[in-house]
Amino acid sequence: MFPYLQEINKFPYHDYRVMPHGCYYSPALVSGERYRLPAQQRLTFVLVHGSWADAHFWDGVAAVLRSHGHAVYTPEYAGHGIDPNKDVTHAMITKSVVDFITKLNLCNFVLVGHSFGGTVIQKVAEQIPDRIKRLVFWDAFVLKDGESVVDEFPAQMRKSFELLRAGSMDDTIMLPFPLFRDFFVNTATLEEAKQMYASVTPEPAKPLFEKLNLKAFYALSTPKSYLYFYQDNALPQGEGFGWHPHMSIRLGQSRLIVGDGDHFTDSRTRPAMLAQKFYEAGRD
Amino acid sequence: MFPYLQEINKFPYHDYRVMPHGCYYSPALVSGERYRLPAQQRLTFVLVHGSWADAHFWDGVAAVLRSHGHAVYTPEYAGHGIDPNKDVTHAMITKSVVDFITKLNLCNFVLVGHSFGGTVIQKVAEQIPDRIKRLVFWDAFVLKDGESVVDEFPAQMRKSFELLRAGSMDDTIMLPFPLFRDFFVNTATLEEAKQMYASVTPEPAKPLFEKLNLKAFYALSTPKSYLYFYQDNALPQGEGFGWHPHMSIRLGQSRLIVGDGDHFTDSRTRPAMLAQKFYEAGRD
Amino acid sequence: MFPYLQEINKFPYHDYRVMPHGCYYSPALVSGERYRLPAQQRLTFVLVHGSWADAHFWDGVAAVLRSHGHAVYTPEYAGHGIDPNKDVTHAMITKSVVDFITKLNLCNFVLVGHSFGGTVIQKVAEQIPDRIKRLVFWDAFVLKDGESVVDEFPAQMRKSFELLRAGSMDDTIMLPFPLFRDFFVNTATLEEAKQMYASVTPEPAKPLFEKLNLKAFYALSTPKSYLYFYQDNALPQGEGFGWHPHMSIRLGQSRLIVGDGDHFTDSRTRPAMLAQKFYEAGRD
């Protein structure tokens, strides 16, 4: 018998969507005073988005980071966003980011890669290691030397992607909404999911299937962090798959930061949480 | 040397037991205004309890869900609650739930199974798939075709259950308090643990040892969610065992929602948290 | 397109460092009333620190526990703290703790071991089992019979430790700051990391490499708890390594408590959270 406890059930359920996990109030706040943020070390961030996304993916988190005094750059790479050409290779994508960085002569920055963006920062780091202060992989692929992205998929997921690819006219893969809903925005409301899906466009397939030579990456001594969100189910969370610890462990010595988000939702609904986690992953 | 930091240690420790994980306050709240809950999509829930429980297991969470406008049904199945007959099979248990649903002509509902209840909703879904909007497994068994519940136990736990079964007069298993305390209500106070244990009665043993034919289940395309609480230690959390990802992965494409509860405690102490997680797992 | 949502980004980011994970406010607090702590069962704690630490590691958490009415003892063992002799064995360390307990005639206490301290409480429990109410392993080694601490390290980490040992004049291992930063205080600010590192001294190497006979430990029926912090990356979190579930599972029936901390930081920055988790792990 589990009796109904009125005092518990009457308790209002508050909105935690806009606030970061682990965001606790202080007595000052309760008594109505304004909370003063502790000064943050000023950093430069270069944020590299993943598949089915473009530079606008970072609009929310970049705004928060800038409000804390950080410099933020969000390169958009070949085959994505405003680029009409979808016939791109992984090397072209890497070149987009390297060119962006060298043209602006950026140095001493924290290079963040999300999802597929993990493979991009692996290759960018091989080409311009001396410009990079730290690599941050946020629920991002850390491929082994010689692997492709789809090599990290369970067999059934890989097969789905091969079918989606085969059904395309221009060698792209469009993520059907039900897959996007379950794998990318599982903690979102349906409305949020639809809003985010509205910006999803077909993804060039080739770079997901290319096997990458990563010998140089694994010889780098660049400091590294892995940021893992424990509601991210874009890949299975274990049993030989997944972001963490399956791929994060490949970084060897690195800093782990964990949050409670999923793969896409928090970039839109809790950018302050995401910005704080990027800061924790990126600071000295 | 780790000096004592007075300002930190004086900080009062607040009660988080009644509030959901991730329940953050809003500025409105701090300034004393009442928080208005965002409107929820109206859903119908059918909640299927697990072993050593009956329909009252859901009293708290059902009340919260109803206060949000949802319809909630909590069928009690053969061998449990008010049923004096403990000599039941898994098929009889499934029939109880199917009969409950068809008698009330329920359709388009979210079918939630907890723990052993996962095996029940697997079989119920095989019989009345068209009535079900979505299956939600909350720290619930997702058995492989041909498996029994005890096939998912580590060897030592299985042996304990076999001994408990052998020592019973009526082929039931009574969970000793120390096991209940450690595996089901590890985050509870002792008082809460005792209160919850007071409603525990011997569990029919047979259905836990029956191997289930689940070929039809694995052919269903019903949407599915897995709700995992990371302090739930009723099964080991890995090394080839456990709710997630070990069994959740069997659902294939599905929605993952994660919370910080354990196996039983939150149904009593944080029903608002549980209701919110059910909503997140069950909504469109 | 992910537009910038002004109302979200303007939301202040609050300090959660001093507050425990899951520390939610109550309506009373919001309206300005003081929160009254629920009475806790009075317990006696004996806290056993790990490597690169001494008894002062516990200053913060001990103060909080005492403020709740608990008795707290923090034995410092051979080769650590004020002991100038670094040439110690695991047996000498165990003897330090056993002697401390028997000299004070402590009984019916909760024995907590952190990190390397897990191996110490395993051996202490073998010698004075009747004095111990419960064993609590907090991100602590639970060695198999015949194992050493370094047997639980990934190959590369073990090699690093062997090199550090070989480079020492007195068979100790000094943890370089970059390793300490990444593995022990990953969630800390750089300032906090440096402050904590200031108290780190070379660790006697021998006890980390000694293989321990633990047959008697595995015959004990002492109640056990495992406290796991999910940002603790001192060991890899899976793939055949780690605190939980890899080593925690060796305890067999035990109580699991999970928090969001890392290996060292919270002892200094959130002692109230740590004290609450120790209480949850240690209470009846």
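Residue numbering begins at 1 within each chain, and the chains themselves are lettered A, B and C in the order written.
Basically, a residue touches a chain if its C-beta (ideal position, glycine included) is under 8 Å from a C-beta of that chain, and two chains touch if they have at least 3 such contacts.
What you see is a predicted model, and the numbers here were worked out from it, not measured in a lab.
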| item | value |
| --- | --- |
| Interface residue identity across copies subunit A, subunit C - same or different by half | different |
| Rotation, 0 to 180 degrees and nearest 5, that superposes subunit A on copy subunit B via CA atoms | 120 |
| Intercentroid distance (Cα basis), subunit C paired with subunit A, Å | 31 |
| Subunit A residues counted as touching two or more neighbouring chains | 11, 18-21, 23, 25, 29-30, 230, 238 |
| Subunit C partner contacts - residues on subunit B that touch it in the complex | 1-5, 7-9, 11-16, 18-21, 23, 25, 27, 29-30, 32, 156, 178-179, 181-183, 186-187, 189-190, 230-231, 233, 236-239, 242, 260, 262 |
| Footprint of subunit A on subunit B - complex, ascending | 11, 18-20, 22-26, 29-31, 34-35, 37-38, 41, 54, 56-60, 63-64, 67, 196, 198-199, 223, 230, 238, 244-246, 249, 252-258, 267-272, 275-276, 280, 283-284 |
